[in-house]
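Next come two complexes built around chain A: one with chain B, the other with chain C.
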Partner chain A sequence: MPDLPEHLTKPFVNLLLAAADDKLFLGHRNSEWTGLGPILEEDIAFSALAQDEMAHASALYELAGTLDGRSADQLAFGRKGAEYRCAAIVEVPDEFDWATAMARRLFCNHFDVLRLERFSHSAYKPLSHLARRLAAEQQAHVQHVDDWMVRLGTGTPESHRRIQQAIAALARIAPQLFEPVESQDQLVAAGLYPGRDQEMYGQWCREIEHVLGRAHLSAHLDAFNPEDRGGRRGVHTVHLAAMLDEMCEVYRLEPDAAW
Partner chain B sequence: MSRLREEVEVVSGDLETPPEGDLAPYVIFTQLKPGQPFLYAGYLDAADDDMALIFARERYGQDQECIGIWAIPVETVAGTDSIHPASHDVGGMQAYQVFVQARRGAGHVSAETLEARSPAEAIEKAKEIHRDPKKYYTLWVVPQRTIAATSTGDLIWRFSDQSYRLARGYSKEVREKWTRFRDESDLREYEKEDLKESF
Partner chain C sequence: MSGSANVGVHVDHEHPEVPGLLAEFQAKIDSGQLIEADDWMPAAYRKGMLMMAEHHANSEIVGALPEGEWITRAPSLRRTLALTAKVQDEVGHGQMLYRVSQDLGKTRDAMLRDLITGKTKYHNCFNYPAPTWGDIAMIQWLIDGAAIMNQKTLADGGYGPYVRTMRRINMEEAFHFKSGEDMVLTLMSGTKGQKEMAQDAFDRWWGPSLMFFGPPDKPNAHQLPPMRWRMKTVTNDDLRQRFVDRFVPAALDLGLKIHVVEKDDRGYVTSKRPDEKIALNNATGHWEFTQPDWDEFFRVIRGNGPCNDKRLALRRLSYEQGRWVRQAILCGSTSLPPAA
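Now for the complex of A and B:
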């Protein structure tokens, strides 16, 4: 087992859980679209992307489990609401509005690429190796959502109006992706999560503005206020509990069942 | 089914746009290893080349090792078969990619490129190349410029194991579980017999 200072183990596990939880719930929200995608081909593609997110979440849970002692299933389905570390943007329902589903992916996918980039330079080798593998797949997700942004933004007046509306609505909570987990500054200082939040935030804004510019759209993004306690510190929207109830319905019947 | 689905509003009545929308059919080819030809993978509908490549990657590229994808608008395919007439005029001397179907029912495989003034001429030239001995069932020719391709170095196949999504992955997993279960019950039977003998 590579070295990890004992006092940093819990914050580091929380950092991994933040990434895994984001992907688990984004994947779940997207999987709700299976059979309802706007066209057949996109239905297939979108379901495949949702499963990619689940696969990434699963790999990150496995890694967190090696430090935490719990299995990937226990971490994914067996925690209490306040123990989850996902951001609000993956919790809210999209009401089966395609524009909202795409706007959510825009903010999340660009964030994920940058987070995986930081993970890939982590002093914790098992994470840096995993992140390099996941980053390559994440790039395909970004291409997919960027393509849809341009398509919707420059499509018809209706598609433009609806995607612009969805972006404006989600832009209000999207910066909460940048809320640090507890003791994140110590993880940064120890090289476990190298890089600076401020720079990552700037890069994220530039990437999103670039895509939206191509799509004739715009977003107003405010920097995250560190005083706001949100999902990364266990404060969640009401939607998380409802989603967990549905996702964990089978798991909770027999938590130790062998699958 | 998710309970959320029950809340989805069902829209009834006439569609405002025709069901096929503004989509066009594409034929997809995949290259599995460097230096190997592109193999017929299947068809899909997409609004344009970019979208066709994205869909093709999800549908045909990801569950096997795959390093390149071609997406070709079906209307630009000319063939010796009756499905793809060589009547359309795409104008001027240009490079054509030839695809060979070795026998009836087989998928087309990419072969050489050649220069021709029209699809009909490209077909004649391709027939000439593959004439002796006749090694094909049908031939297709496609203007090279109409082929949308992934870039070299693009990641197409998945790293993460999602073989559970495939029929073969499912049967593999079930077989393993069944073997494990049977081994365990065999062991229990053996222990029972063993105990009987001992006492």
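Now for the complex of A and C:
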């Protein structure tokens, strides 16, 4: 087992859980579209993306579990609401609106590429190895959502209006992706999560503005206010509890049973 | 999930066919050659193959719905991923089969519209409810098991594009069946509650599984166009018996009991008694069983089943919600809004 200073174990596990929880619930929300997508071919593609997100989450839970002692399933299904570390943007429902589903992926996918890039330079080798493996798929996710932005932004007046509206609505909560987990500065200093949040934020804004420019769209993004306590510190929207109730409906019948 | 050749083929005797071409076509079929999309074919054959492929395609995308409802409730990461991939496969099968149908002369949009307006049908078994995780296990084990049995014989048919699609689909269905078998085995090796969940679901799905192969055959099934033209190669009753011979001993081995049940309007079991006919007939080598309630079958197929309205409403919602997206793609090159 690689060395990890004991006092940083808990914050590091929370960092891994933040990434895993983001991906689990993004995948969960996206999986709701399987069988109901707007076009059969896209239905299939979108389901593959949802599966990628959940598979990435699973790998990150496994890694967190090696430090925390719980299984991936216990981490995914067995925690109380306040123990989750996901950001608000993956919690809100998309109300079966394709524009909201795609706008959510725009903000999350570009964020995830940058987060995985930082993970891939982590001093904790199991994480850096895993991140490099996930990065290739993540790149395909970005390509997919960027293409859709252009398609919808330049499609019809209606598609332009709808996607612009969804982007504006989610842009208000998207910067909460940048909320640090507790003691994140120490993880950065120890090289476990190398890089600067500020630079990552700047890069994220530039990438999104670039894509939206090509798509004749725009977003107003404010920097995350560190005073706001959100999902990274266990303060969630009401939607998380509802989502957990649904997700754990069967698991909670017999939490110790094999399913 | 569900191949079905149980679509009646109406032969339009008013339609003039060229006798020479017709004889050539029948000879080709009889010698085991495949008919391809651009070959000459009788109008009734084209119509029948289209109905069959379209019905099958509809069944795949409607069949995605009952299981799709459980993706967000699957009880482990592994099951969630497997179920999502499985439902995705069904949509993929639908896509392939709509392509086969499109080549036979109907646009995809027309097919999706006919589905949501009830003009065309889909497989009857998807009009039943799936109220527990046990139902998902049973659908994957029994219904996918039945589908494989049916589709293996459809892969021996005569229309090339459909036959090749069946071969590909069958490979994927084999995974679904394995996954279903594993789910049922896990439940039946689990706690008392899990075993009860599996038995209750089995009681709900045994009847629809027997009905899966369609109603009892007409006495002259072999002479009718579907078999004469090798659109299907085995009768409904023969397929049903194969299914029973395979699944009765498997269910008994797992500790499941086979019941004759009564159901309410919602498709829930209200009473049950052991199927006393269940026994291996040593003389024939086949398992005996009680026929399902065929009155119920025809009631459900006419649109009065427990979930007909719900399934169609969801497909309609998907069609309507996706319309602006499809328009955006079709119009992408022609109507550019001003830069923001």
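Here is the rule we go by: the second predicted complex is superposed on the first by the 258 of 259 C-alpha atoms of A that agree within 3 Å, B and C clash if a C-alpha of one lies under 4 Å from a C-alpha of the other, contacts with A are read in each partner's own complex, and residues count from 1 in each chain.
Quick note on the criterion: a residue touches a chain if its C-beta (ideal position, glycine included) is under 8 Å from a C-beta of that chain, and two chains touch if they have at least 3 such contacts.
All values derive from a computational prediction rather than experimental measurement.
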Next item on the list: Would you check which partner chain A:A55 touches, where first means chain B only, second means chain C only, and both and neither mean what they say?
Entry: both
Next item on the list: Specify the partner with more touching residues on chain A, choosing between chain B and chain C.
Entry: C
Item checked: First (chain B), second (chain C), both or neither touched by A:F96 -> both
Check: What is the contact status of A:S183 with respect to chain B (first) and chain C (second): first, second, both, or neither?
Finding: neither
Check: After lining up the shared chain so the two structures overlap, which partner does A:Q165 touch, if you call chain B first and chain C second: first, second, both or neither?
Finding: neither
Note to self: Which partner chains sit in contact with A:E246 here, chain B, chain C, both or neither? Use first/second/both/neither.
What the structure shows: both
Next item on the list: Using the touch definition from the top, say if A:I39 reaches chain B (first), chain C (second), both or neither.
Entry: both
Next item on the list: Tell me which partner A:T154 touches in the superposition: chain B (first), chain C (second), both or neither.
Entry: second
Notebook entry, point to check: First (chain B), second (chain C), both or neither: which does A:E137 touch?
Noted result: first
Checklist line | Intersection of the chain A residues that touch chain B with those that touch chain C | finding: 32, 36, 39-42, 44, 48, 51, 55, 58, 96, 151, 246
Checklist line | Residue ranges of chain B touching chain A (in the complex, touch as defined) | finding: 2-5, 8, 21, 23, 44-47, 50-51, 54-55, 57-59, 62, 154-155, 158-162, 165
Checklist line | Footprint of chain B on chain A - complex, ascending | finding: 32, 36, 39-42, 44-45, 48-49, 51-52, 55-56, 58-59, 93, 96, 133-134, 136-137, 139-140, 143-144, 147, 151, 246
Margin query: Quick check on the complex: what are the chain C residues that touch chain A?
Written below: 61, 64-65, 68, 71-81, 84-85, 87-88, 90-92, 94-95, 98, 108, 133, 186, 189-191, 193-194, 314, 317-318, 321-329, 331-332, 335-340
Checklist line | In the complex, chain A residues that touch chain C | finding: 28, 31-32, 34-44, 47-48, 50-51, 54-55, 57-58, 61, 72-73, 76-77, 96-98, 151-160, 162, 164, 216-218, 243, 246-247, 249-251, 253-254, 257-259
